[in-house]
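See structure below.
Going by the order they are written in, the chains are A, B, C, D, E, F, G and H; count residues from 1 in each one.
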Amino acid sequence: MTARDEQEKMPVRFDERWCKGCNICVAYCPKGVLAKGTRVPSIANPTACSRCKLCEILCPDYAVTVSDEKEGKQ
Amino acid sequence: MTARDEQEKMPVRFDERWCKGCNICVAYCPKGVLAKGTRVPSIANPTACSRCKLCEILCPDYAVTVSDEKEGKQ
Amino acid sequence: MSDLVKKYLRTEKMPHIWCPGCGHGTVLGAVIRAIDAVGLDKNKVCIVSGIGCASRAPGYMDFDTLHTTHGRALAFATGIKLAKPELNVIVLTGDGDLAAIGGNHFIHAARRNIGITTICFNNSIYGMTSGQFSPMTPKGHLATTAPYGNIDRDFDLCDLARAAGATYVARSTAFHARQLSDLIAKGMRHDGFAFIEAVTQCPTYYGRKNKIGDAIAMLNWMKERAIPVKAAERLSREELKNRITTGELYRVEEPEYSKEYDRMVAEVMAKEESR
Amino acid sequence: MSDLVKKYLRTEKMPHIWCPGCGHGTVLGAVIRAIDAVGLDKNKVCIVSGIGCASRAPGYMDFDTLHTTHGRALAFATGIKLAKPELNVIVLTGDGDLAAIGGNHFIHAARRNIGITTICFNNSIYGMTSGQFSPMTPKGHLATTAPYGNIDRDFDLCDLARAAGATYVARSTAFHARQLSDLIAKGMRHDGFAFIEAVTQCPTYYGRKNKIGDAIAMLNWMKERAIPVKAAERLSREELKNRITTGELYRVEEPEYSKEYDRMVAEVMAKEESR
Amino acid sequence: MKRAQLMQGNEAVAYGAIAAGCRFFAGYPITPSTEVAEIMAELLPRHGGKFIQMEDEIASMAAVIGASLTGAKSMTATSGPGFSLKQENLGFAALTEVPCVVVNVQRGGPSTGLPTSPAQADVMQARWGTHGDHPIVALTPSSVRECFDLTIEAFNISEELRVPVILLLDEVIGHMREKVVLPEGGQVELVERPRPTVGPEEYRPYDDRSGDVPPMADFGSGYRWHVTGLMHDATGFPVGPGKVTEALIRRVTGKVDSRVEELNIYEEENLDDAEIAVVAYGSTARTALRAARQAREQGLKVGVLRLMTIWPFPDHLIKRVADQTKRIIVSEMNLGQLVREVERAAGGRAKVEHLGRVDGELITPDQILAVIKEA
Amino acid sequence: MKRAQLMQGNEAVAYGAIAAGCRFFAGYPITPSTEVAEIMAELLPRHGGKFIQMEDEIASMAAVIGASLTGAKSMTATSGPGFSLKQENLGFAALTEVPCVVVNVQRGGPSTGLPTSPAQADVMQARWGTHGDHPIVALTPSSVRECFDLTIEAFNISEELRVPVILLLDEVIGHMREKVVLPEGGQVELVERPRPTVGPEEYRPYDDRSGDVPPMADFGSGYRWHVTGLMHDATGFPVGPGKVTEALIRRVTGKVDSRVEELNIYEEENLDDAEIAVVAYGSTARTALRAARQAREQGLKVGVLRLMTIWPFPDHLIKRVADQTKRIIVSEMNLGQLVREVERAAGGRAKVEHLGRVDGELITPDQILAVIKEA
Amino acid sequence: MQRFEIRLSGSGGQGLITGGIILAEAAAVYDDINAIQSQSYGPEQRGGASKSDVVISNGEIDYPKVTRPDVLLAMTQESCDKYAPGLKPGGLLILDSTYVSKVPTLDARVVEFPISQAAREAGREIVANIVALGVVAGLTGIVTREALEKAVLDRVPRGTEELNRRALARGYELAESVQG
Amino acid sequence: MQRFEIRLSGSGGQGLITGGIILAEAAAVYDDINAIQSQSYGPEQRGGASKSDVVISNGEIDYPKVTRPDVLLAMTQESCDKYAPGLKPGGLLILDSTYVSKVPTLDARVVEFPISQAAREAGREIVANIVALGVVAGLTGIVTREALEKAVLDRVPRGTEELNRRALARGYELAESVQG
């Protein structure tokens, strides 16, 4: 599996240009999927993600995108 | 009885300089004491006056003064 | 009255400029009876107004009197009250002055609960400028700027005052002049922002434009529409339309603004000293 | 979200100027989700704001957008709506912009029941000017102009809106972003003046000054304090102190202002013709 | 149909506005301008336009700008105190280049002053009342017919240059009733703001490449552009200090300043051989005409320069008059306002004198005659 | 005790106000003036004074006037947009002769403009921003120490003449931190408004018989007088058009105009033999000094006239300088404001040139040097 | 005819503002000559002496205000006292003898008519202003009778046309009584 | 010493505004010479390159702004790239090698120190601004060490005095390392 494949398999994607590192997404992910990172949060526990999109909705910087379940499973 | 005496016996006095002839006092006197006059209202029925002071309180021009009962009876 | 008139009014300025039958004079009478009832020291009363027929009232009153710019009376009054809290600051204002251009100062003075007694001479019109509609002109009524009938809704000024933070709110009319002066007196005794709406008549413009008739007819109109607050509580919203609910509508005790300032200063100084 | 972001935001202007953790971004997200949910035509939406951090939002939104003067958004918006009623006019404003300098336009827009959806980004502070207290800063809290604790009381903005005449009133928070966008969407569908208070966080000034902590701590604070309107109805005034009542707080159907204007014109023209 | 009418200046402004295509009016009543609002309230609903009475003058100015952004020609009317309140948003219109017409019927100031008496003491305020360097045009009618004509002119200039235009009446002109014959609908030449000829994709709302007055799209017409009172670039979005900002300020002011000659409407009488020129505008210009005519009858070489555009100020006219004459008398109902500009422009070439009056009455011909005969 | 401090201009204004006896401040935050309010909020409670943040600038100006009527020396501070909003009530203070100080820290305009960048483009607005003829004084400090000193001066003038005084900073002066040594409390000379010497019975609040600045009683001290923004007579009550009104306007404006020489604070450097004079104020005056000094080093006869009072405008100074020099360069961060006055006052006696800058940056010495060397 | 200045004065309720407007309209609209009408506004207008000024000319009217009226109509004593001194020397002073008893002495032709009384006789005192217009026009010929009658009928409330026509005729009659 | 211009630049969080104020206070308050500090305000200051300018002179300071700094401190690459071109020819460029890797070529004396690294070693990276002040003062002698130390201790939060003293000393050491 290439790195790119791996990234695509991830349930959430971060936009490094927009993320300001507030860690709101990390704090409020109900499944503990995310963890503080250096520039943007990291995905500590990708399989736990329920695709609830709370991270996406709460992110003040539109820097998180949760992929649709279907898309994620492909 | 001089004219002055007579006037003093009146329960209400009008100030001609201030009265603007709106006839509010006439309309709301509960005892029908007052009547429309030429420049100021006239006192049509002085003895009926109950000294309720409504005319005085409603007059927008402070042109009516109701004498105190005592004073009036002197 | 004549004693009170002599005591509290600048009689040398009379007769006043108000039209025959204008209710403003009656409301001003209620104000001075309230001042007398409360027993305020004439040298410690300051009357502030904006611009409008109603706002000409202070010129006839024998106190420190301030006739400001249109709508700003409460903002000037706030400066006076905070700078010299021992003064009894009374604002006399019109429905245009207070509710149109002055609306922001109204809600903020109420919010701060600053100790100012505000009496709004509400004649539902801009009298001074000859009869344009105000925020208190009922929908459908006529005015020079509403030649086809006003499409604006009007405020419930008392409810607005309460929602903004006023701690004493009352309403009466020029017809109920005795009740009115009692409610004003209560407002003056209240420690905080007190608002009294005095419904009154402008026969010259509002009455004439809307064919209500002369001052007497307008007073009758108030008499018929008025309903004491207790009785109003039993009526539905629909039934209360076009009625004038009178009496003390709201009252709570909360710290007055200039006193809060003093409290804050005392705390600061205490901390400084205890350092 | 990213699809909606691309569809409704001017992504080339990103990242936006708001600080890390500032809740304004979250609230703006809720606004665009509501616009999408209601299905508004992008070419028929006009976003208007005043001045402040919150008021920078329109610059990021791909509609006709108008960034006006401080406090005046609703007055500009009123001109737009009346001149072109087919536009969906949305006002995005801050608590300072709307409730301080803009208070008068707020109550009058509500009074007229003009069809404008107003969303107040309430962070209880003047963010743009670096942390002075606003009319929504709770009493006792700190701000650069309240170094010893604020002595001003704050407004209940929703109650004020209702008392002024708003026909749809709701409140939610940045934390409750889903509920928030639902309530905004309802407001957009409402025909009349719709007001939505969005409680949000300014970690940079309000959070720091008051030692509430970072954005996350502030969101927690909202979460803890929020109480749905149904639950709030069972609590006393005292118990509701420091709580944030959320949900649809008020709603009635009354004729919208620009429609009333059209009705008036139709009547006038009908009369003319029947002459 | 009656052709001649007796009409107030304020009425003529309202009729002029309708004739100019004005379809939105927002105002707040104030003496002595209120008739403008009252007549607009009557006319607009019958002409497919909108009238609204706002909560104050600030809101009125704001609503007018908002309406103009949708494409409607828009106007407000006020007097001194209200004019002071409109200043902040007037500056917004100037910088964002939103066309609008602001009528100020001058009364006695400062403050509440003399609400029902004439003055011409808002002349400098009309130019400098808002903060920052900004463009403005101000017109001063002297008759009821001119109220009508200059209102149309005000809209035309405002639309053509995307600049706020002040119509500066005084109480005499606003309130007096005068015989007037108004032109038929078709006889009036109207100007519309430049609108974009390109599609939304290419539209840059503050692009100066096509000239110093960029085309303006109506809100709601699909262009989705941004308007801000911050300094902005050609696309309309905020910029900080620097060249773009400088270019913006210079363009928005320059579009008026560079057209000073074409914007300056004036009338001169008997200046050719005059030794004394009376410079005046508004109602006092009528006094000046009478005084100068009387002076001529008495054999004195007096002429009149009557300004209908006072801002941008016509330096070139004054320079010419200063070269031609020995004395310039500026007669205005204030303590010396436009005279400062005349003095500046004259640059010592002629003696500049001021005849002011501030008691709330119109300057009389006798007053001017007395000054003429003084030196 | 540390004698020297590093302090912002805005801070120095606040400390100056306290030293001047200011005990009331009402304001509304706006960049770049906010520090004045913030420091007053800190200082006033500890000095027995009152601070209030009002709902807007209109209310702030109103509250300041109200407080001053009770006898408290009062101040507000703002920047461009807020200054525009204060104009109506500023005119009220001018006509009712209520002392007060208004600080305007100038930023880039018009409209919201460049909120954090310097400009000097509210100079004409400071004079003409409110409607009607009215008196005004405006001071322009060039250093942090001068912020302190001129704030005291502003209060002193305001109290002495019962006139609003504008303290016109620019963002450079307001925000820069400079070394400053402030005088001790006792070293500052303070002026109080004239207060009545007669009892309430005889008191006539606008009586000019004792001079052109009538005594003013504190509200609440038993005088029970009337204040109105309408034209009024000696007793303070409204009058209509006529002589009384005229006398009032002439007195309230005349009390400032007649004192132009004593009110004009300025500094000149190397003007004696100068062929070129640079006229400047505020931060650009510092640029001018540097440029002129550099020019001198290069053997050019350049001097500087630095104005600390710009209103009333010192015609007499300019006339003198115009007679002495060949060229006057007016250097200001705007498109040409005070230069109009210089041109007018110079009356053709010297060539008047303008060096403006409107990109949001301070004019540099090189720019002035370049103009000096041009002709 | 050259510039001609007329001042109609009386008290607030006597309809003289309307009177001035009608006179100016008669000239401007129906006689097609120039006319300007002006009045004072403001609270003072509510009580006391009120005036309505008209300038009529078949040339251009430059200065719009009345300074020294050629004709002064005074319908109350107060207005007579206040404005009579301003009358042009040799001018015409028309007094309503119903209300004016003290006739001032001045360099003018003074004529007195019971104008309000005549109005009452014509039907209602409220048309005294129209009677007055008839008198003024009758004595001066400043506007044609035809024009004035049209102007009057334009302005008066529907249903009162006859009354006003009568009043106007009464005015002309009064005027003729001195001229004839 | 004559007019001397110093620009401290870096990113928002590095404390350089405070650094400039401390430097100016050292000069003004403790060395009793003249000093002016200025900075840019506004939203742009929130992110990106930030700068704090100081002018020091024992004569009068007329023009208050830094135009061509004698010394430029750059603590990030972005600020180095942005401000280095403005340095006075022959001036001194001080780089924090912890963050600046691309050294510009220009007519200047360029010195590099691991300033932020040194701050970490002294206790916490947050005192990098104080280390930098030590470096600047050590290299230029523009303020005395005594004055600078006092100015630093005036401004820093209580309880961090030792840390800051250490940081300042570290800065001087670094400076000496090139001079010695």
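Odds and ends about this structure:
Keep in mind that, in the parts below, contacts are C-beta pairs under 8 Å (C-beta built on N, C-alpha and C of every residue); 3 or more make two chains touch, one makes a residue touch a chain.
Please read these numbers as outputs of a predicted model, since none were measured by experiment.
Common neighbours of subunit D and subunit E (chains touching each): C, F. The minimal number of chain-to-chain contact steps leading from subunit D to subunit G is 2. Dropping subunit D from the picture separates the other chains, by touching, into A | B, C, E, F, G, H. By count of C-beta pairs in contact, C-F exceeds the other of the chain pairs D-F and C-F. Rounded to whole angstrom units, the spacing between the C-alpha centres of subunit F and subunit H is 36. If you average the Cα atoms of subunit B and of subunit G, the two centres end up 40 Å apart.
Centre-to-centre spacing of subunit A and subunit G amounts to 89 Å, using the average Cα coordinate of each chain.
Multi-chain contact residues, meaning those touching two or more other chains, do not occur anywhere in subunit A.
In subunit F, the residues that reach two or more other chains under the touch definition are 31, 45, 55-56, 58, 81, 88, 92, 111-112, 115, 117, 228-230, 240.
Within subunit G, contacts with two or more other chains are made by residues 42.
Considering their complex, residues 1-2, 5, 9, 14-16, 18-26, 29-30, 33, 174-175, 177-178, 203, 214-216, 219 of subunit D touch subunit A. Interface residues of subunit D facing subunit E in the complex, by the touch rule stated above, are 13, 42-44, 46, 48, 51, 58-59, 62-69, 72, 75-80, 82-84, 86-87, 104-105, 108, 261, 264-265, 268-269, 272. In the complex of the two chains, the subunit D residues touching subunit C come out as 100-104, 107-108, 111-113, 135, 148-149, 151-156, 159-160, 162-165, 254, 257, 260-261, 263-264, 267-268. Of all residues in subunit D, those touching subunit F in their complex are 51, 69-71, 100-101, 103, 126, 128-130, 132-133, 135, 144-148, 152. If you check the complex, the residues on subunit F that touch subunit E are 58, 80-81, 83-85, 87-88, 91-92, 94-96, 106, 108-115, 117, 119, 121-122, 124-125, 127-134, 228-231, 240-243, 245-246, 249-250, 253, 334-335, 337, 340-341, 343-344, 347-349, 357-361.
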